[in-house]
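Below: the structure, in structure tokens.
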Amino acid sequence: MTLRHNGGRRSRKAGLPPGTLVYTGEVRTSAPRMTVFDYAGGWCDERNVKSVEELLKSKRKGAVRWIDVDGLQQTSILEAIGNEYGIHKLVLEDILQTGQRPKLEDYNDYLFVVLKMLRYNAVRRAVDAEQVALVIGPKYVLSFQEGLEGDVFEPIRQRLRSHKGHLRNLGADYLAYSLLDAIVDQYFLILEELGDRVEDVEEELLNEPTRSTLDKIYRLKREMLTVRKSIWPLREVASQLQRGESTMVKRSTRVYLRDLYDHTIAVLDTLENEREVVAGMLDIYLSSVSNRLNEVMKVLTIIATIFIPLTFIVGVYGMNFDPDLGPLSMPELRWAWGYPAVMVFMAAIGLTMLYYFRKKKWF
Amino acid sequence: MTLRHNGGRRSRKAGLPPGTLVYTGEVRTSAPRMTVFDYAGGWCDERNVKSVEELLKSKRKGAVRWIDVDGLQQTSILEAIGNEYGIHKLVLEDILQTGQRPKLEDYNDYLFVVLKMLRYNAVRRAVDAEQVALVIGPKYVLSFQEGLEGDVFEPIRQRLRSHKGHLRNLGADYLAYSLLDAIVDQYFLILEELGDRVEDVEEELLNEPTRSTLDKIYRLKREMLTVRKSIWPLREVASQLQRGESTMVKRSTRVYLRDLYDHTIAVLDTLENEREVVAGMLDIYLSSVSNRLNEVMKVLTIIATIFIPLTFIVGVYGMNFDPDLGPLSMPELRWAWGYPAVMVFMAAIGLTMLYYFRKKKWF
Amino acid sequence: MTLRHNGGRRSRKAGLPPGTLVYTGEVRTSAPRMTVFDYAGGWCDERNVKSVEELLKSKRKGAVRWIDVDGLQQTSILEAIGNEYGIHKLVLEDILQTGQRPKLEDYNDYLFVVLKMLRYNAVRRAVDAEQVALVIGPKYVLSFQEGLEGDVFEPIRQRLRSHKGHLRNLGADYLAYSLLDAIVDQYFLILEELGDRVEDVEEELLNEPTRSTLDKIYRLKREMLTVRKSIWPLREVASQLQRGESTMVKRSTRVYLRDLYDHTIAVLDTLENEREVVAGMLDIYLSSVSNRLNEVMKVLTIIATIFIPLTFIVGVYGMNFDPDLGPLSMPELRWAWGYPAVMVFMAAIGLTMLYYFRKKKWF
Amino acid sequence: MTLRHNGGRRSRKAGLPPGTLVYTGEVRTSAPRMTVFDYAGGWCDERNVKSVEELLKSKRKGAVRWIDVDGLQQTSILEAIGNEYGIHKLVLEDILQTGQRPKLEDYNDYLFVVLKMLRYNAVRRAVDAEQVALVIGPKYVLSFQEGLEGDVFEPIRQRLRSHKGHLRNLGADYLAYSLLDAIVDQYFLILEELGDRVEDVEEELLNEPTRSTLDKIYRLKREMLTVRKSIWPLREVASQLQRGESTMVKRSTRVYLRDLYDHTIAVLDTLENEREVVAGMLDIYLSSVSNRLNEVMKVLTIIATIFIPLTFIVGVYGMNFDPDLGPLSMPELRWAWGYPAVMVFMAAIGLTMLYYFRKKKWF
Amino acid sequence: MTLRHNGGRRSRKAGLPPGTLVYTGEVRTSAPRMTVFDYAGGWCDERNVKSVEELLKSKRKGAVRWIDVDGLQQTSILEAIGNEYGIHKLVLEDILQTGQRPKLEDYNDYLFVVLKMLRYNAVRRAVDAEQVALVIGPKYVLSFQEGLEGDVFEPIRQRLRSHKGHLRNLGADYLAYSLLDAIVDQYFLILEELGDRVEDVEEELLNEPTRSTLDKIYRLKREMLTVRKSIWPLREVASQLQRGESTMVKRSTRVYLRDLYDHTIAVLDTLENEREVVAGMLDIYLSSVSNRLNEVMKVLTIIATIFIPLTFIVGVYGMNFDPDLGPLSMPELRWAWGYPAVMVFMAAIGLTMLYYFRKKKWF
């Protein structure tokens, strides 16, 4: 398991003029996947295309178009789309810059939203963050993904195909909301996943903390920091959207955006809560370790303080002084009851000490 | 005792279109309890009903109606009530989503309030949080509970029945206030409960901290986090209510809502205070453990440093060198006063060390 | 010394309708003390009364009346006063609820202020918080105290009696300011008291920290938390008063209220400062304990590492191998210089070790 | 070195009516120093006076007057000045109250500013805070100092005398700015002083931390807290001044006040930075102590674990069993190679253990 | 490696009147480098000049002029430029004061921006902060650097020379934006550098923490504090610029300044994140050290508790009591099976203890 950052390296484009299109994410070899959905109330036309020309073919009047590009390494595609829809070059640059902070920018003719799609990566055993950029116009939504395997938009595609939930009847702004909602809903799953791991570590911590518990706590903390970095700025984005200052957003959609905002706040609340829990764990761990050290030292101290004096006493009677030299020269060695007396004396010392330690509640 | 979260799992409805009614809380088998109160100044009509039809039977003109549904697993009930009162489907969705964050939403025709009813669960020995959703209209209040045994509304029912406190004379907004007030009042009890436990742990901590004290501190901390998560967002809800921007809230009720707001702030203040107290406990615990380790080590060190040199000395006189070999070969063994002299010498060493440790205040 | 909360228990009135008058503080047996001051420019009439009727006797026109009730257990008194002055029942309820958070409420006809009077209790060796509620009308001030022995208003009474400081010439708002000022001035004394204790503990901490230092730090921290809880909300109260939005407060009094606000901020500043000092102490304590543990261990290690090898050596020469068996079988025992050589060898080992420890700066 | 607070004790005036003039600072025996500067474009008249009458002698028309009073124990002086310039009695009270929090108050006819002049006291080896109060009128500036030896205004006096920097041509507001600027500039020196000490302690900490390092860290922390208490509220004062809402401040002076504000922010920034550095030091110290404890314990453990088993072995061969009793009764004692074999065996044990500890990187 | 501050020492100019030009940075011997760029749409004229006269030679009408001065020790240059462009003397003073906090000041005729150019110094192995001051007028940009080797503006010079990126067609405000953008882009590189070091330390921490890890953590923490101090105030600067209140900034440039603001926020976000990671490391380090201490103590305790009792037993049989004295006087010494019995007994004790420790999971 590695802790290396995911997110684009800026160093790849330092020094270039603003607006230069350079992809800074990880280079993935597979070609970008491009999908177009044209729909209006009664119908929906879905196409998987290979070339930009196909992608930008004209659509029926009044229809809403959703272009989804998954994979950004071919900057020419982005350039073509940008030309077609009159997207500012700073926007295009931001789409390619995969280490973006979630944000919302209002360019009057369209809204530009950047956010992170989080998914649990079972191989790395960590959370993957994939950047998603949305350009929301009056009759179109453009979505750009970094190109990781799969996304969370499948249910929305299903709804478009099956005419479920009236999605087709509502405009581009509602489609954009649906996409955002799908991403935010995914956050809850990520948090539940994290929450489960928190509880596992918690159980371990309270029952039998080991050195590996420490590592787990650290990694959990680190990962939450990463997740928070991805989600935190979204609060502001959602708040801006909900206030509905843009003309792109219809009044009827605002109530849904308020709901989106609520969800975002709830996600952050939960995350902060979990973070506090994890932060508290370290103190508990440290206390536990100190506690066990204490236990260990008590065992040592009990054994040593009982036997060290006794060993001294037996040492005394092991000295080679000659009892024949005089009445003060180890006369005990000559007494018939000398040995048992010494043994009893030592037992008394040992028991006294045990009693003392018992009274001090050392064991 | 388990630390598992209570609160609904979002994963049960990931991918569904917004507004889909799916109950995400724990499934409880017992049927929902439904109660209707119709009242106006002079009279009050209470009914426990079994079916939705009965529930929605027309009421006398001018009367205020309070519908209380306790248990949400039958989504059809909710749907029927929603249709009758023209509730937005996002509201219905939120009612069913039991992991909601407390919030207030103004839908012009009605106010929607979600909050948490906290109760101390003697079995789990922890605080239970039950979601309560209120829909407050001009002449009606709908309350939806998750369905845990009992609630805190019984005194209000009593007041309605007995015409105590003029509750019947006042409108739906005052009833809603009363319900909210009952819930917030309950928070004080929860906090007193927690406060008592804090003080017990405190006593334990200052007198005789053990490993189980650490666990208690941790669990207390965790529980307070949970309680806080339930109460914290209420501050904003109460503040919005008190500002009285909604047309649902009469001017005369506002002074009560200000009181409610004050109570909420007071609850949070107390909670934050308790949380700080608990946070400080961990440091004290750690210091205590270190202190005791110190005590243990002092005992060991005193005993060892006194006896180890003495044991060395007796070891010297236990060496098998032959005093007959020459004048430098352990001549002491041949002296009549050798043994007592050694004993006195050792006693002197021991006493000197004791004196040294005493001076260093080690005992 | 007990750490039990002072402040009313809400549980005594859970479930009652809002506005029900129940005293939640500690029940004190002595009857309430009631004092009335009627005054205007030239004169001042002071009465200690026993009954409510006496209390509410009509006053001279134009005079300012200050009613001070010390002891709240007889709710009938409060009710009578409330009727006379037209006080909202929520206000009366709040006066009786002794666990109130300091606050200011503007009821148009009067201002309602709740705050805490702090006094150092020499017996409990802790700070007592007594709730004081003020109702400030155009020509009257009502003050309600919980009923602890004594208060901080004596200097104000003196000034009223002696016509010192022009207090009599100014209105009810200035009297109210004077009462608030007396309470806040008391806070400075409490903080100086706390500050002195902080410095005592500090001295102890830096010179000779013991286990009891830890307890003192903890209790200090706890007490500061209590004091802070009493004072903190006052900031907002004073700020509101100073802004002078109420018609009860004359323009000329505002400059005094600004001064009151400054004092409150200064009190809080000092308190936060002291709290930070105390917070830092725990770390120092922990470091000190670790330090001393280190010292203890060094003593043990020096003694043990010097004598353990030496004891081994003397043990070797205490083995009962027979030097007569062969040339490799402990021939030293047969040498005339064997014993002194061993002694010198051991001395060399010991001194080497001492030198090593000295170089490592262990002693 | 003492940690006793400097700053006035409020207890000296508790219970007196607001506006009573009592000096609460430390009483200094020397008489107050009073200086008057009258100046306008071309000329400057400087007088050191002994009496108030002299002080208040009428000045030339159009001239700016700066009265500097250094020493506040004679309240009569203050009273006389207050009468002359029509200063509110609360202002006079605040001037005498030396424990004031820095603040700015606009009394329409004049501005009142309180702040702290910090100086490093080489004797106490700590920072001294002297209160300075400024009253800024249309054509005069009154400055009141607590009366410590020296001040930071000398360069300004020089500039007035020598007509350097156009100070004489500008009004009273620019003089006031110059005084404030001199005080704030002094803060930078104090911070550099503190910064140097921080770096000394840092060096000590990273190389050879001792118990005295801990004390130094604590005292540094404490002193920074004191400095911060003196400077922090100044931020607000400077911000208010810079916004230039007072009619006392000319438009052209505002750009200088903005500069003053920037300096204040920079001072606070640096202070907070240093505080964070110092805060981090304690953790490092604690870690260092733990580290060294670890080292000590490793030495003990290595020595003890090697020699304790060996001592046991030599003890075995020191037992007085008679090898003649039978073939199992310590036959080694009878072997010619017994002794060397035991010695080799013990050496093998010792070396194995050393190898084990080496592998564990214990030394 | 030294931790000494870089940044100017204020003490060098304490007491001088405001607006006095004194250079407070480190004195560098090399002469200042001065470059002038005059450009408009089609052309660009670049000159490296030696004297101020040359620098200020008149330019073609309509052209934008960028004067870059690298090295500030000759204050006369600054004075001349200041006169030419009518720069306020406080601005000139700030340019020379190298310890400035990043800030933006609007002087109506021009904007004044101070910020820090960060570069990784491979020799000191730390981050260098060089102050850059920009004066942005309607048709000119003045940039003043402290004079460290090299800067981050080279790509911009290239773009001016090569007419790449339309930089020449846009005004002075866009040039200023480009300069700021270059500086902020550099921050990302610094953060990546720091991030890499964080991860190296992290790896070390989780695998094999040593005393030097502690130092590295501390230095990392310290450096981040320095970087943060340089970057943090920039947030406000960028925010002010983006709001575009100045007439110096054209509407079309604002979208770029918003981008700059976003970048600044992203930089700070990342920095705060890294800081939290580093903060968490210390706890882990402390826990690790405690853990290892625990391990060490366990080894000692196991060895000591096993062998100390055994050594006592062998000591007993080494006592010189005479078995001939009576039946209770160490009769074992006379038994043929005495010795083996004792050995078996001791082995039993040892194994029992091993079993006990195993059960306690000590090894």
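Each chain gets a letter, A, B, C, D and E, in the order it is written, and its residues are counted from 1.
Convention: contacts are C-beta pairs under 8 Å (C-beta built on N, C-alpha and C of every residue); 3 or more make two chains touch, one makes a residue touch a chain.
All values derive from a computational prediction rather than experimental measurement.
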For chain E, the least number of touch steps when starting out from chain C: 2
Same or different, please, for the chain A to chain B contact, judged on whether over half of the interface numbers appear on both copies. different
Where the centres are mean C-alpha positions, what is the separation of chain D from chain E, in Å? 25
At what distance in angstrom does the C-alpha mean of chain E lie from that of chain B? 41
Multi-partner residues of chain A (each touching 2 or more other chains): 286, 290, 293, 297, 300, 304, 308, 311, 315, 318-320, 330
Which word fits how the chains touch one another: line, ring, star, complete or other? ring
Direction chain D, origin chain C - full chain order round the ring: C, D, E, A, B
Residues of chain E touching chain A in their complex? 152, 154-155, 159, 164-165, 167, 178, 181-182, 185-186, 188-189, 192, 195, 199, 202-203, 206, 255-256, 258-259, 262, 265-266, 269-270, 273, 276-277, 280, 283-284, 286-288, 290-291, 293-294, 297-298, 300-301, 304-305, 308-309, 311-312, 315-316, 318-322, 325-326, 328-330, 361-362
Given the complex, residues on chain E that touch chain D span 3-5, 9-11, 14-20, 88, 90, 94, 99-101, 103, 105, 107, 208, 211, 214-215, 218, 221-222, 225, 229, 233, 282, 285-286, 289-290, 292-293, 296-297, 299-300, 303-304, 307-308, 310-311, 314-315, 317-320, 330, 332-340, 342-343
